[in-house]
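Given below, in the form of structure tokens, are the structures.
In the two assemblies presented below, subunit A is common to both, partnered first by subunit B and then by subunit C.
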Partner chain A sequence: MNAIAPITLSLEPFAARLSDVKGEDRKAAAGALARTGLPTPRVEAWHYTNLRALSGRVFADAPVGFDETAAQAALTRILPPDAAIATLPRLVLVNGRFAPTLSSTDLPEGVSCTSFVQSPDFGILASPDREGMVALNTALADDGVQIIVAPGKQAGQLVLVSLALGTDSDVSFHPRHSITLGEGASLSVIEIAASENAGAYLHNPVLTCAIAEKAHLTHVKIQQEAENAVHLATVYADIAVRAAYDSFTLGLGSVMARHEVHATMHGNHAAVHVNGAQLLAASQVGDITSVIAHAAPDCISRQTVRNVLSDHSRAVFQGKVLVERVAQKTDGYQMNQALLLSPSAEINAKPELEIYADDVKCSHGATVGALDDDQLFYLRSRGIPDDQARQMLVEAFLVEAVDLVEDEMLRTVLHQTLATALSQRVGAAEKTA
Partner chain B sequence: MSELLKISGLHASIDADGTPKEILRGVDLVIPPGEVHAIMGPNGCGKSTLSYVLAGREDYEVTAGSALFKGEDLLAMEPEERAAAGIFLAFQSPVELPGVNNANFLRTAVNAVRRARNAPELDAVGFLKAVRAATKNLSMADDMLKRNVNVGFSGGEKKRNEVLQMTMLQPTLAILDETDSGLDVDALRIVAEGVQNLRSPDFSALVITHHQKLLDYLGPDRVHVMAKGRIIRSGGPELAKQINEEGYAAFLKEAA
Partner chain C sequence: MPAVTETREQVEKLGKSSYEWGFETDIEMDVAPKGLNEDIIRLISTRKEEPEWMLEWRLAAYRSWLKMKEPTWAKVTHPPIDYQDVHYYAAPKKKDGPKSLEEVDPELLRTYEKLGIPLHEQAMLAGVEVPEGEEARLPVAVDAVFDSVSVATTFRKTLSEAGVIFCPISEAIRDYPDLVKQYIGSVVPVADNFYAALNSAVFTDGSFVFVPKGVRCPMELSTYFRINAKNTGQFERTLIVVEDGASVSYLEGCTAPMRDENQLHAAVVELVAMEDSSIKYSTVQNWYPGDENGRGGIYNFVTKRGACRGARAKISWTQVETGSAITWKYPSCILQGEESVGEFYSVAVTNNHQQADTGTKMIHLGRNSRSTIIAKTISAGKSDSTYRGQVKIMPKASGARNFTQCDSLLIGDQCGAHTVPYIESRNMTARVEHEATTSKISEDQMFYCRQRGLSQEDAVGLIVNGFCKEVLKELPMEFAVEAQKLLQISLEGSVG
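What follows is the complex of A and B.
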């Protein structure tokens, strides 16, 4: 029987915890999961990312306490004290639970933050059972942060760190976050998912964003989790009239990662950017999946995703743009590009345009290629050694996507993170050579 | 040493749809230190191929002959080793590098070459000082350093950017592949002055050109005529004037 792909993936890894959930929402989510199981490649949205890696394991709840000194040391590494990012207010979760002792108490004026356990609210998701990983999160959500920015407040920047610290293998955490921006408010959130001395854990966060009229949310995410971790994140953003959700995700870590975004523009003249970059090696799988829905006229969506793939790594890009009948004068653009640095690297790209309005401008494209020989020769002819020249071109390819982030400070953080990741890759390659 | 570069019987071919096509068919050329030599010749005679082969481009296969630079086997070196040794190729059509900042690129190149030459690397301040002086000499706007390498540059700006790199990398042999093509008179003068500023007993240049104008500025020590992959005639600056007036026909006939 092993040769036949299962229609459903067993819930065994979470069965004990799912049978024990309390509360209506959680029970409903657990019930939905019991019917559908975890998504398998038979489900179209999961065709390229196979959760088989989770089966045969049993994921325990993450431990509640943590080593304060080790956590501080990890934060010092993630947010170096001499970097500008260290001066920003921060909210820190350790192993999926909000850690008040590591978080800033003085948040910018107009910003309030409560932890999910204080006042559990599953937010704007109409049917949490629609997506398997969201249902799993709903059933098992331990904690999370709920950030609210008062109307009209320009709240500046905020760092949200999810740290996996000293966990055993086979633990999972399912934080539930929400960000709510009042009318005309603005906030930039830089979300960092990182690990320190952690086992092969599963991180399954869900973030819901409610962005009111003329509000502007910038959401930058850096995923640099341990090389044996699995990261399966889902973001829902609801965008009102003349509001904007401007996002960028940088995927560096995890053996398997998925960043899934559902952004819906409900109001006229709203704007959505779902940009990203992935730098993958070894046998990493990195999946960026998005559903951008134009549900009102005159909205703009932009999506640029760039992937650099070495060794046996594989990137998945699934980008759906849905233009509803009312959404006339939609302006949509989508571009997915990959640089394959090894003959066994792979990209699966699936752009999808679903258009019901008749007066729209939507374009999409995809490119796959290797490093350009002319560019490489140009750099080498200027004395730059081959390795360094290749690294410069890879960095340049990704930087072009990073530079779409408008917030200068966040852009700088991304540049530095990328440069560090690239130099570590080169260092690691030299060691194995 | 009376020979900075010595090319002997150089043959090179390029892969054309699976079959090798010979482009250089026995080039002999000697450039002594401190001299400026010009190569002129009809389109397709192998001038650019010669410049690429000397700079180390991998598309070409050297099938016979040798090229010694400062007595070393140039053809055995990687492109970056040739740059460190003192070869600089100013490209006919410099490639664009989106996402690579011009100043960072230049500093990376300068320091890579300095490292290889056992010279101390330039820090940010030292580099900025040097590059500002060079851009000023070349009448380049400061913002060209902030832009991505050659991206959106006009033809003239690209050529000036090549001369800027040449100035900063301090080569002992610069190969200028039609650096004068597509330049207006003012840009041509600026580029020519950029080259003239480098003239010294430790600087030689191999100037590939179709035009008399650049040579008027540079005053070459020797002029070579190339045809069908070989140097068919060498002489003084008067050779360039003769070509300018009569064209290549007489030389080609003579060589046939």
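What follows is the complex of A and C.
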């Protein structure tokens, strides 16, 4: 695949907009990007995901206005009124811009939300100087939401919807979100990236999470972008003493997707979960990349990622666990598993340990294989048709990862989304067969 | 020789953290001027009395090397290497073959003695003409490479009766040009990577092994490398070809004298295994690691690769890496044949300021090919040790199977241990499993040993040997004894 990788990838797709950025942060980011270009497979962190698909195109700003009726209809589909999730407070972005008319006004007590446009603040957690896509986001950030939970507030659940609506193909949006949890606060966010009648757009969100002492952030993401869209998301989480960042990402949509997490534990006894699952088909590429840094003693990190790949799809998993010298008594575990359902599916996995402290317990594992014939036989011998048996096994494989989400409601949403996606996949397969 | 029990006693005499092989032999050397250019390559080729095609091959390698850049992806740091500040050729001055040990250069003998080589073997190494019928006393045939020149190959006769060719590669180029031409560069092409290209251009010696159809090599083959002269690079080239149904076990040991400057070692090893054949390649690498402040030591940049060309061919790499300031080494297997087998067993120990970035590549091309990787990494002092491996299953490798286990042990809080596996599967029927752990020697384990009267260092040695057991048991017996001792010596001063 990476036979002849270019050394740099041209910024041409964004050149017009990059030449026109204003403000110190944006200029610095544009400058960094001008030096490095967009990442290519020559960059170790992008070894397996090639952004070549972006070159030769010119991405324009997303249109500002949108069709309110179409947006409401899309939201009704994404958050069906009879589902529990529809009752939760919601924040909605359309084509990368905050849409107050579609968002809840009555947020839980202690939660405040401002749009990025209202008070632009890039914060200090992201590193546009090191990550090309973050630099691009910083330079071109259109809007986003900034959520703050006051200390001690148990803020419950919140839905964050990013909707691509009726966009042309060559449109990109780069929302910049932040979540700040005060000391002892807690919040569960379910982030849904979806589309309605949209083309081959690029969605490049950056989310920074600052989690203060004893605070707990649950972050569940469902990525269901349009089938020709490109989704490249970066999340930064900074975790203080006894705080936790508990995350799960479900990758279903887009032709190329990447979910990149940088989680750093700065305080003792902090905990991080970076779990995920991807169900890919056709010629989708799905990439889950993470850097979990233990920068303080006595922290725990857990990571379970499961991929199911059919047709010509390809999954990438790059998980690095970094244990710094001070991070004694670290407990780190990482598991990456892939199920290959078609002869031309492909998995590229790179679980990585970088350890500088000696009193640690770190391990990782990875397995790659097809469906287990014995399991299949077990089900078949009990009269379950082949198709159904396979689907059961695939679902069970993915559900094991989903079940790591502790928030019951969010878990239920994930189960339903997964079941729907699976039945659609089977339906599509039957049609082609 | 490393594979003899005498070595063991020698090793036991060692003082704290000292480098056993840190001596320098003062014998007359034939040294080419420093630097690298086409003239030096022509000189090497002329000295070696090589045919024209070999020179062309070297020059092609040199020309592609000029266009290449040093790889920077490994987790090692070192000051820039001045490739023009190295002697690319150094040979002991040639004299007529001595008739007995008394006639051998006493300095050379003293070197052998320090290495713990038994007397009768010393005679053979020094090229003393051995009377007929006195050969087969040792179970190991030895090809010693002294700086860049192969000094002697023992047991040629016994081997040749079995049809096995075991000789310095320079001789092979002269005597078996067709064989060499057919296989050299076929596994590691001249422009494969920066160091391999450099080696292809300037290699001065190494071993050549050819085992014909159906022959089981009657003894273990062994080669021995020492870097002796100052500012010389050692660029040996080993080529092992095993035909259908044949098998060979090959041992390689290396040491280098203690020196302040860093010395360069860039070797290439190529293995070719045909149908139903097997090659077992064992290495104990004990180059000078530098002193406790990280001064000096060998830069060991080695390309080792084997190709299982035929069905059911098997290549097994076993390595114990205790030496070198920097190790950059990835013995790999290309599993082309159906049901071919690749194995990699490794123990890498780093102490003080050593850096090791080592691992393997298993490229599965053939149906039902299998590979096993067991890598044990031990870091102590201020060292960094990285396992870097790749398992690649190509679309046609149906039913391929890989199991990988990487375990790291950290001793002290100033060292680092890293694991970077790349797993790429493009066949749904293949099964790949990888697991890695990192831990330290637990206080319980230490207490248990100390309570039974073991000293701290003996306890560490015992625990480390237990940690490495799965790999050490793959070594030929004599090597295993030495390897255990080496582990202990390498870790001296790292605890307490």
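Everything below uses one rule, namely that the second predicted complex is superposed on the first by the 427 of 433 C-alpha atoms of A that agree within 3 Å, B and C clash if a C-alpha of one lies under 4 Å from a C-alpha of the other, contacts with A are read in each partner's own complex, and residues count from 1 in each chain.
The criterion applied here is as follows: a residue touches a chain if its C-beta (ideal position, glycine included) is under 8 Å from a C-beta of that chain, and two chains touch if they have at least 3 such contacts.
The structure presented is a predicted model; accordingly, all values stated were derived computationally and were not measured.
Trainee: For A:353, using the defined touch cut-off, is the partner it touches subunit B, subunit C, both, or neither? Pick first, second, both or neither.
Mentor: So A:353 only meets subunit C here.
Trainee: Looking at the overlay, does A:325 come into contact with subunit B only (first), subunit C only (second), both, or neither?
Mentor: Touch partner of A:325: subunit C, not subunit B.
Trainee: Going by the contact rule set out at the top, does A:400 touch subunit B (first), subunit C (second), both, or neither?
Mentor: first
Trainee: In the overlaid three-chain picture, which partner chain does A:366 touch, first (subunit B) or second (subunit C), both, or neither?
Mentor: Second partner only, subunit C.
Trainee: Using the touch definition from the top, say if A:44 reaches subunit B (first), subunit C (second), both or neither.
Mentor: Touch status of A:44: second partner only.
Trainee: Would you check which partner chain A:227 touches, where first means subunit B only, second means subunit C only, and both and neither mean what they say?
Mentor: Neither: A:227 stays clear of subunit B and subunit C.
Trainee: In the overlaid three-chain picture, which partner chain does A:345 touch, first (subunit B) or second (subunit C), both, or neither?
Mentor: After superposing on A, A:345 lies in contact with subunit C but is clear of subunit B.
Trainee: Can you check the complex and tell me which residues of subunit A touch subunit B?
Mentor: Going through subunit A, the ones touching subunit B are 372-375, 377-386, 388-389, 392-393, 395-400, 403.
Trainee: Residues of subunit C touching subunit A in their complex?
Mentor: Of all residues in subunit C, those touching subunit A are 73, 393, 395, 408, 410-440.
Trainee: Using the touch rule from the top, collect the residues of subunit B that touch subunit A in their complex.
Mentor: Checking each residue of subunit B against subunit A gives 55-59, 78-80, 82-84, 88-89, 91, 94-95, 97-100, 105, 108-109, 112-113, 116, 148, 165, 169.
Trainee: List the residues on subunit A that touch subunit C in their complex, please.
Mentor: Residues 44, 325, 328, 338, 340-370 of subunit A touch subunit C in their complex.
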